[in-house]
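The two complexes that follow have subunit A in common; it is paired with subunit B in the first and with subunit C in the second.
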Partner chain A sequence: MSASTDSFPVRRIMALYLMTGLALVVLLMVVGLLMRMSQAGWIRLTSVDFYALMTLHGAGMIAALVLCGMGGLWYLIRREVAMSASLALWAYGLAVGGVVLVAAAAAFGKFGAAWTFLYPLPFLNPTWPAWSIGAFLVGMTLIVLGWSVWCIQMLEAVLRGFGGFRGVLGWDAVFTPKAFAASGRKLPPPQVLPAFVIALDGLLAAAAASLLGVALLVHWLDPSVPLDALWAKNITYFFGHDLANFIIYMLIAQVYVGLPAYARRPWKNTRVLTLGWWGTLVFLLLAFPHHLYMDFAQPVWIQYLGLGASYVSSIPVAVVTVFGGLLLVWRSGMRWGLGSIFMYAGMAGWILGGIGALLDATIQFNLHLHNTLWVPAHFHTYLLGASFLFAIGWVFAMLEGRSENPTSSAMRWTIGVTVLGGIGLLVATFYLAGAASVPRRYDVEPAPGPVFAGWGSVGAIILLIGLAVAFFEGMRIWRGLKQARTHVEWPWSPEPATQTARSGGGAR
Partner chain B sequence: MEIQGKILLTFGVLSLLTLALFVVVAWSSRGSPKDYAEVQPAGYGVRKVWFWVLLAAIVVAFGLSGRLSPYSRAEAAPDAVSFPIVARQYVFENIPEVVPYDVPVVFNLTSIDVNHGFAIYDAKDRIIGQVQAMPGYANDLRVTFKEKGKYIVRCLEFCGINHAFMQGSFEVR
Partner chain C sequence: MTGSRRFAAGTIALVLIGYVSIVVAWLHLGLPSPDHSIKDHHLQHLFFLIGGGLWGIALARWLARRHPHGQQSAWLAPALLAPMAAMFLMWPSAYPYVESRPFLHASMHLVFVGLGALTTFAGYRYTRVVSWLLGGSLAVMAWLAAFFFGVTPQPDPAVEAIINARPVAPATASAHGQKVFDQICASCHMPTGAGLPGAFPPLAGHLPELLAAGGRDYVKQVVLYGLQGAITVGGQTYNSVMPPWQQLSDQEIADALNYAATAWGNALPAGESSFEASEIAAARGQGLNAQQVHDARERVGLP
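For the complex of A and B:
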């Protein structure tokens, strides 16, 4: 590691990832709003434009939120363990380069095969030019490459910093707890668990994506090379479901560190938390077959594997992490700033989205909900109503933690009600439309879809207004910090737990 | 009430209970703070109960879902009337005009181009069953229609520019 990369301000790397990710999210929210307005009949997008925007919205949102998670988690681990800043910048550059290519394919080539680009849709009777298929696939490949670089760096860092697999997995604490306690050793801080689990599972998902990417690129170059559609679908969802799911598990690391600062209580790693993440390590990889329930040609045991993994994945979330968050807040004398409001509300969003997801993951119910608007309902709940809130909650935690000029109560209420209310209305219309069997991915929806699309648009507009107010409030706090030339390092933040790290990175 | 209504009701009730819990916990934080060590033992006791309740719910739901799944139902109707249907952008070929009432029916789906969906909507415009149509594979959807009338079929797997207009219909009598 060179001195020049070490001297690069660590927080700026996080800011680069987070600000890029959040700016993309807001931009793509506007794209989503345009789609809902078109479905409502308020404006009219052509089918070509609608599906190109839908592809951009889907692929872009996943990439944007992944960027937020990558930056946030990188920063938290970098506080504990030395890591190369230049490698982090490479990962960022590759991922953002991929997003640019995907955006170019959608904006200029009108590539509109959806972010899942299920084989053979991109290639058969396309309304988009051949170059846009290549641009999209190369763009997705770059995103996967950037992701892989991040995963490798993260995995190497946590293994080096916290005693290898045995230390990170808390092996001794789980199997010989008394001897472990007597030795005076401590488990790694909780944010190490998501870093390890996501990096390891992320590499497996990236390997699958690379396999699919190569197969699709070969087919693009020589269409006479056939692929098996069921195989491609399985691989697509193994990667796609996992990557979309990784987001919330990455961003919960920010809550593990951010929320205790407001509650003035520690969120420590324990045997139970470690065991919960052992479960997540496995369940994350096995839940994807619930996307293929309606493919009756799929071996039935795989469907039940997906069902079982989907169900039990709720235990680490509901029993360990979110319950731990609630216990942290219970009678704590919590300091309710915008950061804690967003992070706390995000945990509720995670549970609500999880309930919607588990209902959809029940095979008998999926028969009636699959590919209706119930699907975007539940993933918007935990991407918008949880992951995104974790990310902006963390940004406000960073600002509020160093500010002596807090947000007024009226402003907190204004922002809280508009942002959370907007999200609530937006996702509620998806659930209601899904229960009314309105199909997803229709540019022109059958009744009563347009009515719900109209109310969903109202929700999105309220949300965007709330975010605009939150942005200016954030800028006010930030300007205050600049003018005061405050360099206080988040005084009420838990200190980095370097005692278990073999090589601590002191720079923040 | 159709199954979708029951699912929505279940979701609504569980969501409201969740939100109520979050409001109560947030409200509890407004008073004078308690030491964390004081609240942890009771909290961990509640967590243990919550773990077993959730695990029991999962086991019951898994068992019921297996018993009621469309896969087991498919095996239970060997004497059904069969309708082979081919999906292609943007039509369903060979959809019958008339489907018999109260008789097990099999829709045998395949595709000659991209992935499609085959979702049957009843007179209330609610999905009563669906299956995917995939190139190179055949999927059987088994249904016994208990109500006469017109049914609409919609493609539910995104298949291209005219996806939203890929539909067909049949009469059950």
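For the complex of A and C:
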């Protein structure tokens, strides 16, 4: 049942996902910098170019970070359970093909309806050609198809490998803990929880997205077919909100495995952690209505459902995970490499971004904050200050875990200060501008927006410089690995899952 | 109950429930006539999909029993594409055409059954749990489609009441013009016509200024062809792009301009008459771009 661990082709598939995703992220950071510089008045983008770049930046960043999460989590589960490499490559190909079409729609067609492409906006603005609408919609549909393939493969694997729904959910450990402990069985490793939650919820979200994609394509081909805009918006955010959240939940699995390598202690799954993930499993899909508080035609009970679900889906798992992370480090003799620094800082970003998100998900705050830069502030904290840090932290964990030439202290400080400082300055300007009621999605911002945009641009430049230094440091470590021609084993590996794998009936 | 009997009972139950679903779809809603709503049609097709889906699982179970197979990844392609094909088949504007051809209509229903069956059968060839999840997802997709795909939203009395409770238009401005302005123009120029300093220029005070300077044709061109390039209004420079609004009717543009020219303290300058739909129609077809409209502004003599 248990697969061979960490074989070279498996690592290459993960590297394919991660390198593609991270390269896209850095490229799109430059796009984001151009947008902020234009808002600051340093350069001048036309409105058409600005909104095309905003669409490219938004859709591309989501897809790029999803790729990072898909590759990393696929690798972690593949270490435990046999999975088809060809299916993983199909999922990758479909997703990357979709990204190419989306990029073409934005770059050549100036499609500028934002990554949310809320109906009927894509069809109303005559500044982009009809083909760009089709290319964008087909591209998003391909991304959804690739995502669906990944979810199905992941779901089947964790159910097969860890005792079916009952085993993965830790049912016996939660409801009959004494009998469970007496039986000698163990809960699955912690990375299995996000894999299961994301695969199951992701498949349901993808079904809704497929329907929306078909409906929009039909409307594009036949404008006489109307769509109910409120329903379309609900479905859009049912998928879009969930996909954006899946990113951090996928990448936290890499922290569950990566940080213990530096602390030399396992990150154990517990009943409390399992229950936290239960909350995410059930309520993550119900949190999206907080994007529609301003839509007064939406039934009020759905708004309150969104409010409650936003809290229950995020707080328990974040608190338990961060508390677990603190305990992991406490008196562990932690080895602070670039990987552990980035992953630990990412957990702080998760909390900060989460607080910003929960404020926005609270109706009375939302009325004041939702149309301001507060929203980009929280999701940049979440995606850049947490998810992206988890991803590059994982890359460095993979490199440092096998290297005998560690990064010097001065280099660690240089990279840490520039990357984290750049991110901090960038997101701080978003928060301050949001608190000052600077509206979001404006290519030309009213005062004091341009001032904050200028400082945000400085932060982005510092971040890019730090990432360039980190890239060369990563290359130095990698070249050292190749020249040494030694294979230093990963310092700590999660326990084989064979005990739990046989504890239940499995999925088949 | 032995394993074989349990298997047989389960398979027969799937077939029977699938059959009942299809019969319900066919009879409960009746053979669709043209007065059936699109929502009814979508819901009817939902039952066809459920019925076919259950048959697909039953068939896959039976075949797997006779010819055991491993995990067959290639079947994921039809398992994922069949639901999308089913949604395409629910193309609402094609319903009247299909309904008027009984053979085609019946065939289409059979295709729905087939696509439901293909979804779950193909999913089962990969793994059992996937077939149930995909079948359930297909049913949810068809159910969601019934509420928004080809469906025009019904007016909600509570929402209508909110809309109708908005301030009454000034006596000098047309109600229709205000409605068009609020829907199209107010998001940038603001409902008060004050614009947004640094981002979008004001119309309050500025539109009469344009008309007084002989810019009547320019005003029409801005609406029809958009505007790109720096302008100065009230000492403030603006460099946003205004998109063209040719998709609005001549009457809508004329009414919106008349509203903006007379609201918020604006008044038509002496000698200027209200905008007419006919002159908007005459201004179409000039084939200008937003930059050329900016040039026209300079010719009027405004910065």
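To be clear about the criterion, the second predicted complex is superposed on the first by the 481 of 508 C-alpha atoms of A that agree within 3 Å, B and C clash if a C-alpha of one lies under 4 Å from a C-alpha of the other, contacts with A are read in each partner's own complex, and residues count from 1 in each chain.
The criterion applied here is as follows: a residue touches a chain if its C-beta (ideal position, glycine included) is under 8 Å from a C-beta of that chain, and two chains touch if they have at least 3 such contacts.
Because the structure is a prediction, the values reported are computed rather than measured.
Chemist: Identify whether subunit B and subunit C fit side by side or clash on subunit A in the overlaid structures.
Modeler: Clash: subunit B and subunit C overlap once superposed on subunit A.
Chemist: Looking at the overlay, what does A:274 touch: subunit B (first), subunit C (second), both, or neither?
Modeler: Neither subunit B nor subunit C is touched by A:274.
Chemist: Go through the superposed model and pick first if A:191 touches only subunit B, second if only subunit C, both, or neither.
Modeler: neither
Chemist: So, does A:387 touch the first partner subunit B, the second partner subunit C, both, or neither?
Modeler: Once the two structures are laid over each other on A, A:387 reaches no partner at all.
Chemist: Does subunit B (first) or subunit C (second) touch A:235, or do both, or does neither?
Modeler: Second partner only, subunit C.
Chemist: May I ask you to decide whether A:38 touches subunit B, subunit C, both, or neither, giving the answer as first, second, both or neither?
Modeler: In the superposition, A:38 touches no partner, neither subunit B nor subunit C.
Chemist: Using the superposition on chain A described above, determine whether A:207 touches subunit B (first), subunit C (second), both, or neither.
Modeler: Once the two structures are laid over each other on A, A:207 reaches subunit C alone.
Chemist: For A:330, decide between first (touching subunit B), second (touching subunit C), both and neither.
Modeler: Only subunit B; A:330 stays clear of subunit C.
Chemist: As a test of reading the superposition: which chain, subunit B or subunit C, is in touch with more residues of subunit A?
Modeler: B
Chemist: Per the contact definition in the header, classify A:403: touching subunit B only (first), subunit C only (second), both, or neither.
Modeler: In the superposition, A:403 touches no partner, neither subunit B nor subunit C.
Chemist: Just checking: does A:319 make contact with subunit B only, subunit C only, both, or neither of them? Give me first, second, both or neither.
Modeler: In the superposition, A:319 touches subunit B alone.
Chemist: Of the stretches 128-136, 182-190, 218-226 or 272-280, which one of subunit C hits subunit B?
Modeler: Stretch clashing with the third chain: 182-190.
Chemist: Give me the intersection of subunit A's contacts with subunit B and its contacts with subunit C, in residue numbers.
Modeler: 47-48, 124-127, 228-230, 296-297, 442-447.
Chemist: Quick check: in the complex, which residue numbers of subunit B touch subunit A?
Modeler: 3-5, 7-8, 10-11, 14-15, 18-19, 21-22, 25-26, 28-34, 36, 39-40, 43, 47, 50-51, 54-55, 58, 61-62, 64-66, 68-71, 74, 89, 113-115, 117, 119, 121, 125-132, 134-141, 154, 156-165
Chemist: Which residues of subunit A touch subunit B in their complex?
Modeler: 47-48, 51, 112-114, 116, 118, 120-121, 124-127, 228-230, 233, 263-266, 272, 292, 294-297, 300, 303-304, 307-308, 311-312, 314-315, 318-319, 323, 326-334, 336, 344-345, 347-348, 351-352, 355-356, 359, 362-365, 367-372, 431-432, 434-437, 439-447
Chemist: Give every residue of subunit C touching subunit A within the complex, in rising order.
Modeler: 71, 73, 76, 79-80, 83-84, 87-88, 91-93, 126-130, 133, 137-138, 140-141, 144-145, 147-153, 156, 159, 162, 196-199, 226, 228, 238-241, 243-244, 246-247
Chemist: Where on subunit A is subunit C touching in the complex?
Modeler: 44, 46-48, 84, 86-87, 124-127, 141, 145, 148-149, 152, 155-156, 159-160, 200, 203-204, 206-208, 210-211, 213-215, 218, 222, 224-232, 235, 296-297, 442-447, 450, 507-508
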